[in-house]
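The structure that follows is given in the form of structure tokens.
Chain IDs A, B, C, D, E and F follow the sequence of writing; residue 1 opens each chain.
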Amino acid sequence: MTANAALGAHLQPFAGIPTFMRQPASRELAGADVCVMGVPVDSGVSHRPGCRFGPRKIRELSLLLWGYNNVLGVAPLDHLRLVDYGDVNAPPVDLRAAHTAIEAEAAAVLEAGCTLLALGGDHSISLPLLRAHARRHGALAVVHFDAHPDCWESEFAGHPYSHGTPFRHALQEGLIDPAAYVQIGIRGSTSSANDYADARALGARIITADEAQARGVPAVLAEVQAQMGRRKVYVSMDIDSADPAYAPGTGTPEVGGFSSRELLQYVRGLRDLHLVGFDIVEVSPPYDHGDITAVLAANLAFEFLSLLALQHKQG
Amino acid sequence: MTANAALGAHLQPFAGIPTFMRQPASRELAGADVCVMGVPVDSGVSHRPGCRFGPRKIRELSLLLWGYNNVLGVAPLDHLRLVDYGDVNAPPVDLRAAHTAIEAEAAAVLEAGCTLLALGGDHSISLPLLRAHARRHGALAVVHFDAHPDCWESEFAGHPYSHGTPFRHALQEGLIDPAAYVQIGIRGSTSSANDYADARALGARIITADEAQARGVPAVLAEVQAQMGRRKVYVSMDIDSADPAYAPGTGTPEVGGFSSRELLQYVRGLRDLHLVGFDIVEVSPPYDHGDITAVLAANLAFEFLSLLALQHKQG
Amino acid sequence: MTANAALGAHLQPFAGIPTFMRQPASRELAGADVCVMGVPVDSGVSHRPGCRFGPRKIRELSLLLWGYNNVLGVAPLDHLRLVDYGDVNAPPVDLRAAHTAIEAEAAAVLEAGCTLLALGGDHSISLPLLRAHARRHGALAVVHFDAHPDCWESEFAGHPYSHGTPFRHALQEGLIDPAAYVQIGIRGSTSSANDYADARALGARIITADEAQARGVPAVLAEVQAQMGRRKVYVSMDIDSADPAYAPGTGTPEVGGFSSRELLQYVRGLRDLHLVGFDIVEVSPPYDHGDITAVLAANLAFEFLSLLALQHKQG
Amino acid sequence: MTANAALGAHLQPFAGIPTFMRQPASRELAGADVCVMGVPVDSGVSHRPGCRFGPRKIRELSLLLWGYNNVLGVAPLDHLRLVDYGDVNAPPVDLRAAHTAIEAEAAAVLEAGCTLLALGGDHSISLPLLRAHARRHGALAVVHFDAHPDCWESEFAGHPYSHGTPFRHALQEGLIDPAAYVQIGIRGSTSSANDYADARALGARIITADEAQARGVPAVLAEVQAQMGRRKVYVSMDIDSADPAYAPGTGTPEVGGFSSRELLQYVRGLRDLHLVGFDIVEVSPPYDHGDITAVLAANLAFEFLSLLALQHKQG
Amino acid sequence: MTANAALGAHLQPFAGIPTFMRQPASRELAGADVCVMGVPVDSGVSHRPGCRFGPRKIRELSLLLWGYNNVLGVAPLDHLRLVDYGDVNAPPVDLRAAHTAIEAEAAAVLEAGCTLLALGGDHSISLPLLRAHARRHGALAVVHFDAHPDCWESEFAGHPYSHGTPFRHALQEGLIDPAAYVQIGIRGSTSSANDYADARALGARIITADEAQARGVPAVLAEVQAQMGRRKVYVSMDIDSADPAYAPGTGTPEVGGFSSRELLQYVRGLRDLHLVGFDIVEVSPPYDHGDITAVLAANLAFEFLSLLALQHKQG
Amino acid sequence: MTANAALGAHLQPFAGIPTFMRQPASRELAGADVCVMGVPVDSGVSHRPGCRFGPRKIRELSLLLWGYNNVLGVAPLDHLRLVDYGDVNAPPVDLRAAHTAIEAEAAAVLEAGCTLLALGGDHSISLPLLRAHARRHGALAVVHFDAHPDCWESEFAGHPYSHGTPFRHALQEGLIDPAAYVQIGIRGSTSSANDYADARALGARIITADEAQARGVPAVLAEVQAQMGRRKVYVSMDIDSADPAYAPGTGTPEVGGFSSRELLQYVRGLRDLHLVGFDIVEVSPPYDHGDITAVLAANLAFEFLSLLALQHKQG
């Protein structure tokens, strides 16, 4: 309470210490429904680093989230007790060690009964996050927004883990139910014709940006809904699913992507799924401007919280 | 004439002293049809300031306006004598005092028989501008482009005026005809479910960004036309009605907004209204890049001038 | 090969010396199919310079092009031997002299049997490039993406050549077949009502941004296809055909332009034309952010290479 | 403790939620020795705003302060219990009201027995801070680092308070002992020859940047020491005392200023004074780059804490 | 007068239309003592362009010049009638033609009896400016601040004029008195050992940055004074004489340069010379940050005006 | 030769493909005297990454190095055959693996008889570089410019290698002769009083920034000369030895550092040492502006090459 005053409850967005939506910064998870966890790791990127600053910046922009979601008709914090966990302690010098730390800290949060909203960090973090979730929930259905399939076997010769490989490993480790894995927004050049084929062979249903545009948001969502059914769903949102015009602050920008409007519609359209986890990754503030990428990420996080709140309300 | 030479008539955009479209900087309003007035005030913002530099930057980018509007088929300066009034003298230390100054200077311009094209500054300036216009024209019909309803009672406890409150006060002061007040582009989170309800209760017809997209520009414009009829219309354009991709240089960016193409179509679509005033606000150059927000604002101002010129031609 | 190692073949995008798609930097053109040539000239611009740094930056971002085009189903470098010619030696102090140098160097490349992919530089360079191409191929069919017609008689009094005039001169010099010249994406204000009329009188079919949007990409492409037929086609891509949200890094940004998705579709849609040359111009890195304009340019170049490869495969 | 974990104790600088030097964010002041208070107010500036984001950014860069001061030989947090108060709740719309809030919150902190380290915010905040300090300590000796005397009667006609006037008002209100008031670093143009004369007439000993350079840091410090004696000293540090090369991120940059090395020496040289309060103002992050201004401010704050710790050790 | 109101006399720096120090924009030179002329030409640069925006930006920052020079004890505008001429009409496409235009416009100003304060633009403009001055005054003594000797024979093969060659041509054309030509601040790498030798053979007294530092400002100024005597002196200030830390916004930055403090001292130290002209060149706003380079340039211009005013006072 | 043409020999700095000083990009080291090697690794940083882009950016700015060193009186490329090796292939995901790759590639270059000039990358790379050098030369004398001692035992718990630890490991591995190891420029806060003590206990002679300033460059150089004697000397230059004003583009900026002038004097002052290797590290372009940090780094590299050339001339 006095802590909240110091964090800046009731202040305008420019003031106060930026925790996520001004909720308490704490490791006391008892009684919390949702836990926002920063994962400031960018040693897995193949081009521009900087997404280690993603969590801090998204928190800062979350202060612009006024609380009530007009489209979904819910004020998420009226229904969910949210705690800002702060950031995972993960060393940049060794990505495997970082993954171990992430998995351990995420697992502890899940064991405390919290739903996790993870803020990356590069996309390699989805692997330890999925490991922690699968440990608790079993193999997960996954809705994966991205410009890239991220199903390479290896991006740096001799090193299996990086931001271009997490979903192959997750599939191979049985963390993802291959019958319920959809990729949305895939586009751009790849190493070879095999990239898409390999991802499909592993179980991915690839909905390219072109297909998504041609069919329209509702049709895509209907397919996703049909495939996911009542499975437990983990959502992984790579901000580079958005076009660079909407999300310049990312490591491997890919033209021809979604608008912010489309991404909002996609996330809101997941409302009837059984959602159990969410990550938003690859926000790289040094390459952002006017914080527009971080604002988008903060809003997508807010939509996810709104879905959780609806789920919670409905029991 | 020699003054114009110094300002840079006939120079390329990179050269010369930036008055609006290279028109004379003057307080001699006799004979002028339109007056561009800068209102460099940003003490009313709840997040990022900087829109005090909006007028200067929009003038600079107005040098890219070559003169002829191909879509509307008119060269506005062939039909309108335009004067660049320069900027209002409004102190940042006291927003009420700034409003008093704005109202007084705007009223003097209107009394001189000029139509006013005001360049903000934050959205709080629409209140004194509407006061000046209502004094001359009576209660106004208003077309209001924005991401936010700006109808809060108070944004800073104990202080009624700020950039989130002008339209409530304008309605309550009788400056706006509640039967002819449309908000277009509203979106994003609000403080509570009451925000939209309150605005509606005050008379606002809210067309959200989602509704606008679903119905399309022509249908929205038809409704606006129907509601406005032959009333005298004031147009208030908050640049954050555009998506942050198109207008990053603003104080409270809100994702899911209009494209520049849509905004151009909306303004051009007001051509059959009886337009009497225009403001364009919340352009914050310190957060812009490549001046894209200021270019958009300059073009929207140009479209408004083109509408005025058409009105003028038709007598 | 050892040269390639130094340039960084097989390195990740952040490493190595940036030649275009890591191909050899060489003036040995024997056996090469395509030659990427930088034209670092920006003395022809009427507003913001900086596009002299376009070639270097586009090369840098080309390292993100992984090699296989999923939409067109081709890996261009499997079918085409590409050489990075480096940059033309053209002095900024005299645009005519620069044009002479560009024409001479381009002609030498064409004489060596290479197709040219030129990276500008401002749009004035299309004139000497067209001179070189016409010398070899005769009058060309031209598909010209731009916000501006670039058909002025003169932009700087007494000086015929600049970035606003190349296509008038190309038409008047007989370099372009006036029966097969399409401009796509034209918009914004012009000097007078005559600008479009003049361009049309010279032979240009102007498809404005508004018309393009109203009719849709496939209809526009069908018309282009019909008009071009089996003629030899030169494509000139001014990056300001994109909206400033997608391409802020340019000299004379114009709102209301294409999205990156639309531009990709347009270029891919030229696949059945008989393509003989390509330039991409007006990328100005000092005004870019997050390199998004250069990423777009690099991808458009990649699409063009893909089209060439398809043409090559099919003999 | 668990709170500290969430804030990121023991994390590297890029991780964790940025409180000042990772100390607890709290309004529980009992037992605290020093209180860091953010004062995010910039309605008093005459040119570029943005210093409302100063407190947040200085906190962020304070994470680079490793804890031990090698020059002064002290680890301040070993001797001082520090609390991060968060930010004052001060409305931008009315500077007088903001000052009232600042004075009240500062007074409460002082009453709790804490020494205050205030992070601005524009220089107008020194007036309410001095009011609060004088209420507790009586008229203060003041060491004032600045490019400008800040002793104008009024900067905006009819409005006495702004960032160019606080010290005149403080002197006239008897908050400063005119026998012990030194300004260091003054330079640049002024409104008239009277500006310096007026400040001197009010009691200020002006040591211009030129004089400071000519005499050298030790001589200046000796004079300051002599003048201050054993009086209670308040230090006000306007970051624009540094040259724009060292502190670009400020509202009214003035060339010819101090280097960072000189400023560090000046602050360290105050070690034998009886220090009771400190503010550091005018850090404007939107105009900073590479955060160099905020790093300088964070280090100057750290030097002040080190002096306090030495004072504390010595009883 | 009403014109002045529109330009913003008495407004704070953030407001109003930026003419130099808010003086009238006019081509009426009768009765004017000094004329500020913008020369927005950057076609002569060998690396980064952008200094065409120098005049506009320096004017903008000149609004921070409060009017009274405390060090020199003079308010220049109390003694000098200053007119802002606006910008020369010089085409970027042909540097020779640009030089012809500059010389003609400068000559007309000088013939009107005004002293010229030229704001560049790249350093090539000093050649036509010296031509105009020499036409009126005969061969000039020149004090030239720069990192580079700018005495190359040719920088672009076959083209004698560019920003690296003006002083060779000026010497060869007899515009400069070789017995009274001093270069101050020269440093950095050159094409060969001959660069300095050539400049010296032409008459230049080169005081390198190293020599200047070793001897100190007063000793250097004494030598300059001795060499200049009572000759008519033209001062050419290349902003890259400052270190990139103080002047990042320039085309060919050279490390190891002067601080802003040193440059101020150098210009003030010219007070006993017979000054007849001044240019300040190579300010490139696209590469500046926080406008620190433009602030420095504006202050150096102010110092020069102060010297002129002193000269004027003393008859 | 034709390769050189493509790289841009004889072009101005804005043109051509940026190899270091336009020398050939090659892995053919036979006959080469010096090899410039990029080491694009930044997984060892504790705060801001981005120095993986250091090598590319320093190469780009090296195009401003005109060839002749006026202070040292030598044109290094007249005496040294220089090859640009390109970049090491080092994975960001595992710093130990990166170090193994760096050591192997560096060792191969040294075995080919080349002197190595390494461009980082973060400071952790000095460890594998010293390993390679010590393997060839035995334990090295080291002159180390830095703000930080970089002698921590571990920066990330459980991980010995990172940018804060290389010199402890180098000393412990016997790569550095503890009798000839000088650190220059050390300053700022440290973890504890032990940081300096520990470094000293390991053999480092720490010359702090304060001591360096107090004694002056010549005195410091004399001590360095005396300590190094005729030993083989490796120079490691952390760009953060410069003040953030001069080198903002770095990961852990520390105020109170050297000016560019001082750093140039320090490097030139090493001319009588027996130099065998050099690295320049921690240049982080995403945090630079106007490329001033990269220009400084390129010039320091040029000074080192000049020293090598002098050594070479003298046999």
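One rule holds for everything that comes next: contacts are C-beta pairs under 8 Å (C-beta built on N, C-alpha and C of every residue); 3 or more make two chains touch, one makes a residue touch a chain.
Every value quoted in this text rests on a predicted model; they were computed, and no experiment measured them.
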| item | value |
| --- | --- |
| Chain copies touching (subunit C, subunit E) - same or different residues, decided at half shared | same |
| Centre-of-Cα separation between subunit B and subunit A, whole angstrom | 37 |
| Centroid spacing, where centroids are CA-atom means, of subunit B and subunit D in whole angstrom | 39 |
| Touching two or more other chains - residues of subunit C | 14, 46, 48, 52-53, 156, 243, 245, 287, 289 |
| Pairs of chains in contact (touch as defined earlier), listed by label | A-B, A-C, A-D, A-F, B-C, B-D, B-E, C-E, C-F, D-E, D-F, E-F |
| In the complex with subunit B, residue positions of subunit D that touch it | 42-45, 48-50, 52-53, 91-97, 124, 156-159, 161-162, 286-287 |
| In the complex, subunit A residues that touch subunit B | 12-14, 64-71, 73, 75, 243, 245-246, 259-261, 264, 289-292, 295-296, 299, 302 |
| For the subunit F and subunit C complex, residues of the former touching the latter | 2-3, 5-8, 10-11, 14-19, 25-28, 38, 40, 52-53, 55-56, 59-60, 84-89 |
| Complex contact set, residues of subunit E against subunit F | 46-48, 155-156, 187-193, 195-196, 208-210, 213, 243-245, 248-250, 252-257, 287-289 |
